[in-house]
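Presented sequentially are two complexes of chain A, the first with chain B as partner and the second with chain C.
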Partner chain A sequence: MNNHVIETRALTKRYGAKLALDALDLSIAAGHIHAIVGANGAGKSTLFRILLGFLPPSSGSARILGRDSQQLTPEDRGRIGFVNEEHTLPNWMRVSAVADMQRHQYPRWNQRAYDEVIGHYHVLPEQKIGQLSRGERAGFNLALTLAQGPELLVLDEPTLGLDVVAKRAFLESLMYSSATESCTVIYCSHQMEEIERVAENLIILERGRLAHMSAPEEFCARVTHWVADIPFAGPPPAGVPGLLQVQRIDGLHHYLVLDQDEDFAQFLRGAGARTVQCMPVSLDRAVNGFLAKNHAMPAAA
Partner chain B sequence: MPRSHALMLQIATGDPRPISKQIVDGVRMKIATAELSPGDQLPSVRGLAQQLTINPNTVAKAYAELTSEGWLESRQGLGLFVATPRQRLSNGERDRRMDEAIQAFVREVAALDYPPERALARLDRALQVLSRKSA
Partner chain C sequence: MRDLFKAELLRFRGWALGAFAVHLLVLLFFTRLVDLAQQPVFVYRVAGGVDALVGVLLGLYQVGSYRRPNVWLNLLHRPLAPGRIATALLGAGMVWLAVAVALPVLLAAAYQAGLTARVVDLRHWLLPLAAWSLAACGYLAGAGCMLGRPRSAIAALVLLLVPAASQASGAWALLMQASALAWLAAMVTVSFKPDLSAPPRSVPATVLLALPLQVAVYVAIIVVVQVGAQVIWMVQGTHPNNTETPPKGGQNETERMTPEQRMLTGLAVSTAPEAPLWREQVALSDVVAIAPDLDVVPARGALTNAAPVDFDDPARGVRWTFSHDRMRLSGYRIAGGRTVGTLGVGGTNAAFPAPTVATRGLPGQPKEDRSLLAGNMLYHYVSETGQVFPRIRLPHGEWLLGTAPVGENLAALSNHALYFFDGRDVVASENLLRPRQRMPIPGGPGGLHNLELIELVDGYLVSNAYTSYDYTMAGAAPYQTVTWVHDDGRVTLAARRPITFDYPAWFRYQSWWPSPVLYGLRQGVSSLFAAPDPMQVANPKPRPRSVLWLAATLMLASLLAALWLIRRRALSLPGQVAWVVACGAIGLPALASLWLLYSACERAPRTRLEPAAA
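And now, the complex of A and B:
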């Protein structure tokens, strides 16, 4: 028995000439809340589609809860909860009818978890799905999914388009529900504010590969912000070690760099810096700087 | 009556300090300024997590750090409490900080042009707070 909820080996998905997943090796341990971030096109959605068995890989393997993702049985699927950004539910049905349907669908239905989560929202049983606000639909969707008693809960941008109040209600019902305690949560989001509050493990995907995995604060500590007073042009960007981003603001050079220690100050002084200062960055800045690094950029800065 | 003391603590996302570190700093500061006193009970892990809308494991991590540093102590089955301060500094460091505090005080008093004996009398009275605390 291994205790990885997700395990991919050399997982590759090719759409024509484009590689969406590039020999991805990813192992996610059971328990905790894991956040997955990546720029658009990093391969997150493709990864989920393959893991949930909606899409076959071009090559490599993907296992979810110990099963081959391409051979999931209905019982296996019952152990996985999936909440997507659209919160797709039939608009013409009543809340009570959808809940009844799910209750019959899932043998491990947990009414207490449902009531606990839905209690965060003003949702009436007789309301039609089409009458619910986006935030209420998100809450209802989460209540249904947690009541199913999943061992693994995958949330793909669940709070996208929600207002502040609905977002908070969603996070609360996710983090403090008794049903979440016994399950592994994969939280996919671009919102660093949420990731800081929620995630114990940060997984960064980049161009279909695993770029980083650790506790969020460990990743944050890898990135530092340096400000140097360098007269004239400064060193060529290609020669700057660990460079993520460079900006010239009011005549000062700002460098966002990865995995640099005090030696970087020496480097800047060697490049003609008269003063050098260093400071830590927020998670938001660290992740965005990291993701921006490989974005297509004009050659001359 | 709630058993635990309200913990008036703020955290901010987007800060270079991780949230668990912000909690550690905040609690230390409250103990140092006597807003929290030895024997006060802290909120439960889950309670503080809900108050701040953060993952309970983040609170647990901060509490573990504060406990291992001797700021908090856990009482079996009862929860976490502010510990009775024990000496956390070496004798040398303690003397150095005392010198620093005295120098700062003297500099301020010098600027006030206050007679030393009256300053001393008032300092004596002010310090009685500490002797009462240790009694």
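And now, the complex of A and C:
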């Protein structure tokens, strides 16, 4: 039996001449928390909109919970929770009324999950949504979505615009909720510290294609940071194997490289390095370096 | 669904109750000043327009507030079918429109019925429903504008033209409004889907969305042709209506003439031996112009008043209002408003055969007396006795349109003939008058623009100028006749003068050649459920060959363009065939709808964007 919650085959989406998704082949297994990262314009939001049936693909196929994404039924939608960065909720309604509405609409409503999450926030049932702070709205939205009892929960940059305290509260609500144990979570964010905390699988999209998929620590292990003391100009960047990023700070050359072992030290020494030091990198640094490698820049830069 | 419905009710509660209060106050204020049930049709049109506008604004705002991608996703991504979500949202809007638009009208009608002696008929009790229906049409049209791609979704507004253009009256008018409402509801339902930019998939959905779009394009073509051509002519100084000297022998020249000049121009082509003598008599005589007292004939049960339905009798201090329910006049004191009962025909107080329209009194009668036109009958309201007597009875099927004194005699115009009555008979008794002469009018009354006559020693000389619809395809080719009505009742045509068109054929037929099929649809819809209006009969002229060729050329061009366009649209083979046939049959509007409804196929760019390898 196919146990993938999301499957795309050669999924392509074009906006005129621009490719948002470029023959994307992606299979996400059920269970776990999967993080999707990518630079702006990598195709993350387009992917979600296609998966939820709000945008047609130009070509290829997309399946979610085993169903063609363009043929989702209301029952299918009841199995998929979705939270976006806007936390769109009816401002004119009271918290209790919104919760009641969701309770009536979702047959698998989990009151315990709702109470668990909403307990992290000082949200009163009689408050109007419009009176909630951005963090409270995010928490309330998460509580509503988790209480729906989704089999798949998609979070599209849910902490965007939240302050540090609200972000932490949101993540803790998510991580310690019993509701997430029984569902697959797709977490899309630019905040690497969040990814590091929650994700068990890291998916990197770049220009509409799958650039990488593995556990976050495996990806970190592939990226290394080398500091070399090279008295004169270093080797030309084009000749540096696996180069993601190079900087010269205080006379030292800093190389961020992909998939390089001790041979890279030999390479640096061969290029005139007097000392060479290798350091591990954080996920934030690794992903940023990875994504920055192909970042478009003016020809003169 | 019920929760969403309640949520939307809650959302607009304040606005709706505020609108209800304002609307009610406005109606009650005007009710104190005038009888709102008996206002001219213009007032109802303005009120209906405001109702529809309120609906449009609500629809635009409510659905527009959900249109942003993330909000739309949040609304539709739930375990409810889109149709049920739409029902919940729009149902709430409909309820509030009933409260804000219909309920105040109902309360105002109840006030007039319960606390005044004014006439409130069944047709007035239908007005709240009509108001709600118009507002609901506007509401769904506004909502429809927000669903789908803006360039095509705006066509939903064109369905508001259905109640505006329909000639049906009374309950039939409500049926037309309900039809437009049903179409709009179906349009909104098929458009209410996750992917708003997606074209319709099924045949019914395609028809529901494409037909209004085609009508909108058709209307746009007409507006552009009509306004564009006229603006250009004005700029050039060649517009027939604006030139100092109108085109010679044309409609404008005829209409700008004085009645004497018109009669003399008509006589100028007469070969009758009496023509020189008549020309001298025209110069010496008083020329009498006769115009219909009605623009349209009133229909029983009509929601609006095509003509005034009440008149005052200052001598008795009574205002008489025609009641469609009782088919009699219902009176109340102008001072104090106390009811004075009903007034029918003769001593038996019989019902009138048709809704009455009060006009000036007959010649030689007291000035407080009035004439009442009702179908083929003319009644004399005698103020002194407070009675109504039948004075003129035309053949069954004719409509009496107006009367005018001619010297000491009386002329009466119907939709078929001009009658002359002896003035002495008018004042001698209250008996039915017998016409002395009857002159059939040569064309349909809709095209008759000027009717003038002079008295001769041995009859009447009558000029008819048919120029009313010269600028459209609806009327007859313009012409003028001069007819001699003999004393003994014989009728002799003295002259017939053809009048040239001031406007070119392509301008006159602007509503036909863009799409003969849609023109037919327009005519069919506007006359659906409507009783034939004798005032509209105009005996249209045959279409010129040049216009037929123009229409055929456009249809062929549309077909060929469709063959090119469908290759660039993602359509099934049956869909392609259907669209090509539709473009050939319907013409440019169908071609435009094909272009607007469907996006071009997404094709890979020539230079593929190659992402760099990780």
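The criterion applied here is as follows: the second predicted complex is superposed on the first by the 296 of 301 C-alpha atoms of A that agree within 3 Å, B and C clash if a C-alpha of one lies under 4 Å from a C-alpha of the other, contacts with A are read in each partner's own complex, and residues count from 1 in each chain.
What we mean here is this: a residue touches a chain if its C-beta (ideal position, glycine included) is under 8 Å from a C-beta of that chain, and two chains touch if they have at least 3 such contacts.
Since the model is a prediction, treat every value here as computed from it, not as a measurement.
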Query = After the chain A overlay, clash or fit between chain B and chain C?
reply = fit
Request  = Considering only the touch criterion stated at the top, classify A:Glu196 as touching first (chain B), second (chain C), both, or neither.
outcome  = first
Ask   = In the superposed arrangement, does A:Pro74 touch chain B (first), chain C (second), both or neither?
value = second
Task = Check the residue A:Asp22 against both partner chains and state whether it touches chain B (first), chain C (second), both, or neither.
result = second
Query = In the superposed arrangement, which partner chain does A:Val281 touch: chain B (first), chain C (second), both, or neither?
reply = first
Key: In the superposition, chain B vs chain C on chain A residues touched   = C
Message = A:Leu55 in the overlay: touching chain B, chain C, both, or neither? Say first, second, both or neither.
response = second
Task = Mind working out whether A:Tyr106 is in touch with chain B, chain C, both or neither, as first, second, both or neither?
result = second
Ask   = Can A:Asn3 be said to touch chain B (first), chain C (second), both, or neither?
value = neither
Remark   = Shortest Cα gap between chain B and chain C in the overlay, whole Å, is 22
Note = So, in the complex, the side of chain C touching chain A is made of residues 2-4, 7, 10-11, 69-74, 76-81, 194-195, 198, 602, 604-605, 609, 611-612, 614
Note = The answer for chain A against chain B in the complex is residues 32-33, 168, 171-172, 175-176, 192-193, 196-200, 216-217, 220, 279-284
Key: chain B to chain A touching residues, read off their complex   = 13-21, 46, 49-50, 53-58
Key: Residues of chain A defined as touching chain C within the complex   = 14, 17-19, 22, 49, 52-56, 58-59, 74-75, 77-78, 80, 82, 84-86, 88-90, 92-93, 97, 100-101, 104-107, 204, 206-209, 211-212, 258, 290, 293-294
